[in-house]
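Read through the structure below, which is laid out as structure tokens, and then see the notes.
Chains: A, B, C, D, E, F, G, H, I and J, in written order; residue numbering restarts at 1 for each.
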């Protein structure tokens, strides 16, 4: 553990967050998401919720302001405008924790898979709530 | 996730538990333990308590009955007979979960480090309570 | 071996099943199938029948309910509607063991090869009966 | 599969048997044996009995005639002269299958572990009977 | 060496032959063939003739009966109907050794290179006779 | 870069600091130190001073209170009681930055090399001042 | 460190510069640039400015005279003709240090990313000024 | 060193030449050529001239007679018919050393780069003369 | 194949012979020798006799004159002064082929195994005659 | 190639020299020296003399002044006080090139082998003169 850093930021997760640059993306996914086969390096956080993971990551990672949608979730299949409770929680965490809060955008399910396959890393959490997935774009640290 | 298996048994942890044989040992250690430098393969469970980890492991792994001390914890430095609250919890979990419950034995701190260095694997949990460490010896499945 | 888990679920096979997510597929193939050259990681179960393998896998892996055909076998060449005895046995095992039983669908031989090449893993069994091949899609564990 | 070769001789097992030379040893061990941590390369035959494995190996591998004890089993703890039923079966298989039959010798349990740690390979079978372990020494093919 | 197996079947070659499945191909090529750059794993048999290699391989590997041309050689450049002496020898060996003898088919030189690049393995022999190349397709072992 | 973290904590350095446990040591060494051959993983910070490196590391890593000497420098050869200016700066940084300030101890030159060879990692800085070397012992994060 | 060589030319950076040939490119990028995911090998110089890095590299690497634009920077988004202060500094360094000074050309932002993805190596500096990125083409050493 | 073999044929270079087959190509390139990024394995002969390298290689490698241009050099940019002195030397060495002398053909500069990218290996010499590059095609050893 | 080099000198064998220096040893062993477990890199020449291998190696490798016994064979167990026919052939080949012929010395069987374990490489031939083993010490090429 | 650096300093050699620290040693050895089996990483400079190599290395690497013998050669066997011509040349180069010239010391032949086995790297040159071996100790760059 380190001083002033959330303990769930493991060695590999800290490495990935620090190595990412402006525009790189990280996907936080739930326990059912096919993370290991999605392509990017997979960082595991078995047993940890996606909301705790989001909070920990946003405590150190700046959110991008150059793109229109720096935080994206997966649309409910058949009900693209629905806002699952966990997505509402995601929004609250972003509002409370991010350096540059942003409104969550949504992606159709297969577009979300496609986007995750281009992420810098995918964090497989132990989140059991469905639709507990979110992709974040890293911003810059101002000089 | 799999049916009827505790979700914190990650792919790597399940692999280790299944690959272990009679007499092989696994160390469950707290968040301050020097697990990565202890020698054996290190399986990370950041953010998960040592007690939940013990419970999950004992739900699938048989405890050894051939050795006198199949469950060993670290003695409190300067007070070898003390029983920290977490060790008492470990005992309750063993009594409730193990196929062959056994009394926990203790090892002097450096003897514990030495024993951990010979384990099949070391599981680094997010346990923040001090002395949240235990070494288990795998038993056999009767024919 | 582990408690309450079929012993033919080897370390590698347990790892793969646990690492797979919703929508990932696993192919169980017979002893003549070109498994090692099919592309995915190959888990070997030499000498074990495809039916025992199916039973063991379905005892831990949920079957998908999102797709129309979560269990697919290879059509007999020249007689696509034939149901080889082993396929009938597959159906019985699914009916008896799966959390969400489903009717087996079939794929033309080359379509089956193509599907297997996209699986998360291919399990090469020792099945000697011809057409002893089946592809399963992993479902979710409900919250 | 190959013509005239027992199908449980997997690619890795055939490789090891062919690569071994005069005096190299192979250990066939039961499902509870700590094979993966014993040191040598571990070839898995989950679900296969130790007796079938012995039969298959002796059908291709010559037994050594230079050493006094080319086939060694583990003594029953506390009863070194006992001959468990599976050891009796081992002897029958050697008598029936080996090119140069030999009487099985025994090793005290820890001496057996030590000997296994120097083998060319350890074959982890699915044998559930206790004491289902045997170490064979490879002989020569006469010119 | 192993009992009843031709000694030129080296550990790597036995591994490849055993790992191949129905429809996988193996190319036996002469000493001038660009084997190491052809793509597949290259098994070397320096100093051994292609004919001895063919004989050894067919003694364990079944020839395919599903495809029209399970044995293919390279056409003589400029004389596609010529039958070099070594190809005649190949045919005799197939007739004498294969479980399911078949007539050798031929491929134009570049088509042969292309076919070899998709083989499971390429065996570089020490054959010095020109056109000493043949591609075999593995068949099945009947139940 | 990450929010609230000194930018010279590179991905590899953050990984090492986070992976270290109680009692693990990290050596910060000057540009002339034989770091790459010292044994532990070498993290490079070419061009960065040892003092800036110390400040950055202590901003996240707790200093040990269990051992008598959690911060050790190399004695000046021939003048073991001398306190080079850079060592005085090290002490000031520890006093200002560490969670648990401690007095720096010293080690004879070869004892320092020996201690560095057992560290978790060695950080090769661009420090050009001689004796710009210090070994730190990681402490615990209290529950 | 080596005689007469700038100390920030680390082992890996010297290796890359020496291994590069005529026409190979190296990208010097700022601390926010997504260097680790850009494709080429990434050499880190955390905490070092892009200008010091440029000066050090040009002290040993010849600039190409065969191509029209051997030094290229990223255009300011929305103001392609702007010359950020750091780019002006880059030009001064080239004029003072390069063996064959050249005028800096510019690339639109995404064209710059694309060009960087084909570089021999990307040097991630600690440069905090925005637009602190430059791609250099290596020239020849005349006979 | 070996008897009767030019000492500049290093272990790696001998390996490559021996492993190459009929039609495989090897590129000998000068000290400015971007060899390490050209794609094929790069064998270094720093400080050795391209002419000495050509002589050594042709002393063991047969030149192809099946293709029209078994030896190809790079055309002078802007003067495709020019014959640089080093190319004239290449021709003399081929005439004196090759088993089957052949006239050197030329390739436009980018076609040469393209051809080199498909070679079996690229030998980076220390040749300082410009245009000191040649691609050779390996022939056969007659039975 | 290469000009003027025995074709059984494979890429790996040529590499080893060229990489060896003064005093390095190479063991040529028969088909029953436990070569793969002997420690050094193992070069396979399945199907080739030890005598042909010796002849090929001595055609390029100088024999040492600094040591008393640059060629050593294994003593017949129980008859240390016996000279098996194959050893007599080895002597004839050395007399005919080596640059500096030497009398063969002998080593007791276990001393031979020990010596082989320190060789630069072990060449496993297909020699079927017993005692077809010899260790050679490489000499120097005079300036 | 790089500006102002001797071209025989290859990428690997530059890397080693730059990575070495105070007290690390580098061995320059002749073409007959058993460099590849000596233990340290082996950098090859086939065809280059040991004297040219020494000159190039000393042009960038400082010689140590802390140890009594920063440059050591091998004593002539049987004549330990002899100074071979090449050793005299080594001394002249050190006097002319080193930043801190030093008198060459000598080591008995086996002591030299032992010392070389602890070097940071061994540079195998093409030096054909006997006794063309020297071990250098790296010094520091003063602040």
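The criterion applied here is as follows: a contact is a pair of C-beta atoms (placed from the backbone, for glycine too) under 8 Å apart; a residue touches a chain by one contact, two chains touch by 3 or more.
The chain lineup, named per UniProt: A, B, C, D, E, F, G, H, I, J = L-fucose mutarotase.
Keep in mind it's a predicted model, so treat the numbers as computed, not measured.
Q: Weigh F-G against B-D on C-beta contact pairs and write down the one with more.
A: Top pair by contacting C-beta pairs is F-G.
Q: Using mean CA coordinates as chain centres, what's the gap between chain G and chain H in Å?
A: Result: the chain centres lie 33 Å from each other.
Q: With chain centres taken as the means of their Cα atoms, state the distance from chain H to chain I in Å.
A: 34
Q: Find the geometric centre of each of chain B and chain G from their Cα atoms only, then give the gap between the two centres in Å, rounded to an integer.
A: Each chain's C-alpha centroid was found; their separation is 52 Å.
Q: Hey, what residues on chain D touch two or more of the other chains?
A: 1, 7, 9-12, 19, 31-32, 36, 128, 140-141
Q: Can you name every chain pair that touches?
A: Result for touching pairs of chains: A-B, A-C, A-F, A-G, B-C, B-D, B-F, C-D, C-E, D-E, D-I, E-H, E-I, F-G, F-J, G-H, G-J, H-I, H-J, I-J.
Q: Looking at the complex, which residues from chain G come into contact with chain F?
A: It comes out as residues 1, 7-12, 31-32, 36, 44-48, 52, 126, 128.
Q: For the complex, which residues does chain H have touching chain I?
A: 1-5, 7, 9-12, 14-19, 59-62, 99, 140-141
Q: Residue numbers of chain G touching chain H in their complex, please.
A: Listed in rising order, the residues of chain G that touch chain H are 19-24, 120, 140-141, 143.
Q: Within their complex, state which residues of chain F touch chain J.
A: Residues of chain F touching chain J: 31-37, 124, 128-130.
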